[in-house]
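Okay, so chain A shows up in both of these, paired with chain B first and chain C after.
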Partner chain A sequence: MSALLLMAPALLLLLVVFVWPLLDYAWLSLQAQSVFTGLEAVPVGTLNWQRLLVDGRFWQDAWQTLRFAAVSVALELVAGLAIALLLHQRWRGRGVVRGLALLPWALPTTVMALGWRWIFNDPYGPINGLLQLLGLATLPFLAAPELAWLATVVADVWKTTPFVALLLLAGLQMIPDDLYEAFALEGGTPWQGLWRITLPLLRPYIFIVLLFRLAQALGVFDLIAVLTGGGPASSTESLALYAYLNAMRFLDFGYSATVMLGMFLLLLAGAGGLLLWRRQTDAPQEVRP
Partner chain B sequence: MKAGTRTGLVALLLLWSLGPMLWQLYTSLRTPEALLAGAGGLAGGWTLANYGAVLGSDPPFWRYLLNSTVVGALSTLLTLALAIPCAYALSRRGGLLRLLVGGGLLAAAVFPYVLLFLALLQVARQLGLANNLLALCLPYAGLQLPLAVLLLQAAFAELPPELEESALLEGFSLWQRLRWILLPLMGPAVVSTGLLVFLFSWNEFPIALTWISRSELLTLAPAMARIAGSSVYTVPYGAFAAATVLGSVPLLALLLLFQRQIVAGLTQGAIKG
Partner chain C sequence: MTHTSDPATATATAKEHTTATSLRLEGLCRRIGGRPILDGINLEVAAGECLALLGPSGCGKSTVLRVIAGLDPCDGGRILLDGRDISQQKPARRRVAMVFQSYALYPHLSVERNLSLGMELRGVDPEQRERELAAVLELLQLSALRRRRPSELSGGQRQRVALARALLRKPQLMLLDEPMSNLDAQLREELRPQLRTILCGGRAPAIYVTHDQQEAMGIADRIAVLQEGRLQQCGTPQELYQHPANLFVAGFIGRPQINLLPQGDGTVVGIRPEHLRAVDEGGLAVRVRSREWHGASQLLLLESAQGPLRWTCDGNQTLGDDLRLGWERRHEHRFEQASGERC
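Right, the complex of A and B next:
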């Protein structure tokens, strides 16, 4: 009983911050609350949900968000693993480099997004400066849809790879060295060791990284809001940004709640799929050192 | 791996990690004319005027840093005050309760919180918390509680139970056991958890953006977005860059001072989460 008492304040705040909003959205998604109703909530049944199903912008944004998340997180996993392997070796100054390499992750996203906007500037940014130096034409990074998308991926990979690298580094430290020594004695090359020892044993860590990073990347907001504002022509817009615009710019609160809840349901389906995949692939070959 | 190859790779890593920030530093020290003349020039055109412009604006830039620091510190204290008892109780319980609460906490820790901003904004309006800097601590503490409880309960679970049993025999109350026996042993876990909460609160954007509209109450993240969206600072971005540098320096200091604790906090999360 006293255990529940100790947990009560924290659980109460958690209910207010996490559960209450979702219930509120469920109610709000069945109302019209916009400038047309004088910002009063009017029950409209499933009208918002019907609109969501045929809202091209919602599905377009869902696809864009998924594409952004899948490509960014895949790149972050590969780069993060390479960095983790480098930081795992013993050399002088490793501690300081670990701290410095973490800087992109620690900075506020809006701060670094503003920085990247300047780096991608056409024609005064350093990348276009370099292109000009090579005698090439400058590229309108933030004005062309595909280039703007690339810019958001680059900035996201820059910012979150340190986080991925650090979690994978924690996993590398749990693998005993003698496994590699025995493998080398039997004639295995380091490259084979990476595939046969490191990656299989790193699996639980890769799973956690995927879980955290995919959830964060699918909810991407700050980066896109500041770097491209969702443009050009909403080609980089994410679902979270669309929900935000519906509420704060179009003042359509009922539909904004529907977009949020729709996104939540998509995430839930994705998480369920991920868990199922993990159960299927993990069960027979769980290796514990 | 050969030492030479490794040095090259480390240099590459540092260039990739720090390059964009060094470019901001360079930009912040150049005059507009020098920036327009071409990227990367080193001759002439150095100035501190960009910093003067940012610090002399209304409200001055240090105000945002101060606001973020205040909110970050208070949110950290509130989170720890709520998370420590909860984590303790969770670590001393087994069975269904622990499974349910633990699973719920993990799901909440992963949840992309940006989805919650609209409902939280309505709470703020109803309770009259809009444009109240200190009220930001409530959602921040709530959002960071799941991770904080998970990290702290892992640390509690590592303490040997005999410690507490003997204190119990001595007649120590729950509060005395926590205060004098358990918490002193949890210093590293509390510090690293606190740092992660502080970093989150300092950097948080969507909630601060929607709760605060008065410019002198803005925290750093929405202030940066507002600077980005305003035409007060014109291209080229000398003043932008000065703002990003000023906004980064406190975090760079924090990172270099507490690198070990932050890394420990993150990796603990990986192992236990």
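Right, the complex of A and C next:
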């Protein structure tokens, strides 16, 4: 009884900020609430869900979101690890660089997305300016689907690599130096040390990074809303942006909730898979005699 | 620890490819930010000999090991292993094994993987790896634990794994940095004879860092006492006890601590608590202030005109007793007060 009482504040918080909105959305996804109903909620059963299953734009956006998340998180992991390794070494001015390296992450996404929009501007942005200086033709970065997609990935990698580097740096600092010293005395090279010691011991941190970053990237909204607005021709549109458009532009709240929940279920499946994978690879591989 | 196998023969087998080597340090220096950490250390360790580096915390004894191993740079002097100067070689090339204070076992690997990783890195073929692994597991009674991770081992077991890893390196020189400081006192005493056989049975010299003089005396053939980066004295435990070279060594070696009585002529007389005798006439007038009972003997803390004294005795003196104490001439150590050197 007292255990329940002690957990009550946390449970209450979860209930208010998580369970209740979720239930509210689940209810809303079973209603039609749009301009056609005069913004009144009208029960329509599973009509919204049936629409979702055959909504090409939803599945198109799901694929685009997944592709965006997978590619940018993979790039962030590699770049973040390289930066973390660099910042873990001892060198003059490291403290300053450690601070500076965090700047992109500290910037509000909207602000940095506006910045990138200008950088990618055709023909007045700096990148196209450089291309012109080299005597090349300008590129329509935000007007061609492939280039626009690349632009969203570049901006996302630029912004969140510091976060990845920070987490991995914390992980690196947890590895005692004497492991590397023992390894060196046994004849191991630094490169071998990276694979034999650093990466295995960094695994829990890599897992955390993947969890955080994938959840964030799969729910990407502000970066894409500001940088490309989901265009051109919704080729960079993410699920979160689609849900937003349904509610705020098409004023179809019932279906927006359905899109949101659909995305939630996809995320849940992904996170579950990741957890399962971790549990399997982390299980004690060896049986004691 | 039980005695199932004979450690000496097994160690000899484990080290069969190692040729006898000797180590010489010539004027070894190490500075950090201009401050000398090691100030011209000269030492020699013969093949198969175990030398203990003894000193208070911060005296530089661990730094000596790190410089020899190549983990810290050598800022002056030479390190001669078998006559070859290794002071500028990379750590991996020195054929030196080290047992770390923390043991530095790879936490993500099982005992057997911890032990075979080094051989794998050095390109030892799998069959030989398995043979040597089995031999060293047997020697240190780790066979039953080979599939466990370090986190599933006790402190003593971890220490044995660290020792096994060092032995598998087939080093020309064995370095041990306070390998027992994380173990409880009883286990330390149990492990001492075993460690001694393993270290002194091999052909490689061993250097054993400790701040515990009992451990140093119990394990090492010779002891080098270090203070503030300088070698104070190097000799057998008996030499250090019977002929301390200076006031520091006299005060550092021997428990309870030696009594130091300043004389009027600029010298200090040192007399060990166990060498004081009660006398009827002459000697030093003292009063018993307090006592510690140590079982076989008791330690009396006394007060005299020349300051406090410690006396190890088996008498039945009680607090407040007035006594007279003397000592034999041959037990007296005399030092110059100014330099601290033995007269």
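To be clear about the criterion, the second predicted complex is superposed on the first by the 269 of 289 C-alpha atoms of A that agree within 3 Å, B and C clash if a C-alpha of one lies under 4 Å from a C-alpha of the other, contacts with A are read in each partner's own complex, and residues count from 1 in each chain.
The rule is simple: a contact is a pair of C-beta atoms (placed from the backbone, for glycine too) under 8 Å apart; a residue touches a chain by one contact, two chains touch by 3 or more.
This is a predicted model, so every value here is computed, not measured.
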Next on the checklist: Looking at the superposed three-chain arrangement on chain A, would you call chain B and chain C a clash or a fit?
Outcome noted: fit
Checklist entry - Touching A:Ala184 in the superposition: chain B (first), chain C (second), both, neither? => result second
Checklist entry - Given the touch rule stated above, what does A:Ala143 touch, chain B (first), chain C (second), both, or neither? => result neither
Next on the checklist: After the superposition on chain A, what is the angle at the C-alpha centre of chain A formed with the C-alpha centres of chain B and chain C, rounded to the nearest 10 degrees?
Outcome noted: 80
Item to check | chain A residues touched - chain C or chain B, whichever exceeds | outcome: B
Next on the checklist: With both complexes superposed on chain A, which partner does A:Asn121 reach: first (chain B), second (chain C), both or neither?
Outcome noted: first
Checklist entry - Is A:Leu130 in contact with chain B, with chain C, with both, or with neither (first, second, both, neither)? => result first
Checklist entry - Which holds for A:Leu276: it touches chain B only (first), chain C only (second), both, or neither? => result neither
Checklist entry - First (chain B), second (chain C), both or neither: which does A:Ala70 touch? => result neither
Checklist entry - Closest Cα approach between chain B and chain C after superposing, in Å? => result 14
Checklist entry - Which part of chain A faces chain B closely enough to touch in the complex? => result 2-4, 6-7, 9-11, 13-14, 16-18, 20-22, 24-25, 28, 83, 86, 89, 91, 95-104, 106-119, 121, 124-126, 128-130, 132-133, 158, 162-163, 166-167, 169-171, 173-174, 205, 208-209, 211-212, 215-216, 218-219, 221-222, 225-226, 240, 243-244, 247-248, 253, 256-257, 260, 263-264, 267, 271
Next on the checklist: Touching residues of chain B toward chain A in the complex: what are they?
Outcome noted: 1, 3, 6, 9-10, 13-14, 16-18, 20-21, 23-24, 27, 35-36, 38-40, 82-83, 85-86, 88-90, 92-93, 97, 101, 104, 108, 110-123, 138-139, 141-143, 145-146, 149, 174, 199, 202-203, 205-206, 210, 220-222, 224-225, 227-228, 235-237, 240-241, 243-244, 247-248, 251-252, 254-256, 259-260, 262-263, 266-267, 269-271, 273
Checklist outcome for this item: Within their complex, chain A touches chain C through residues 176, 178-179, 181-189, 192, 196-197, 200-201, 286-289
Checklist outcome for this item: Per the touch rule, the chain C residues reaching chain A in their complex are 69-71, 90-92, 94, 96-98, 100, 102, 104, 106-108, 110, 117-118, 121-122, 144, 146-148, 165, 169
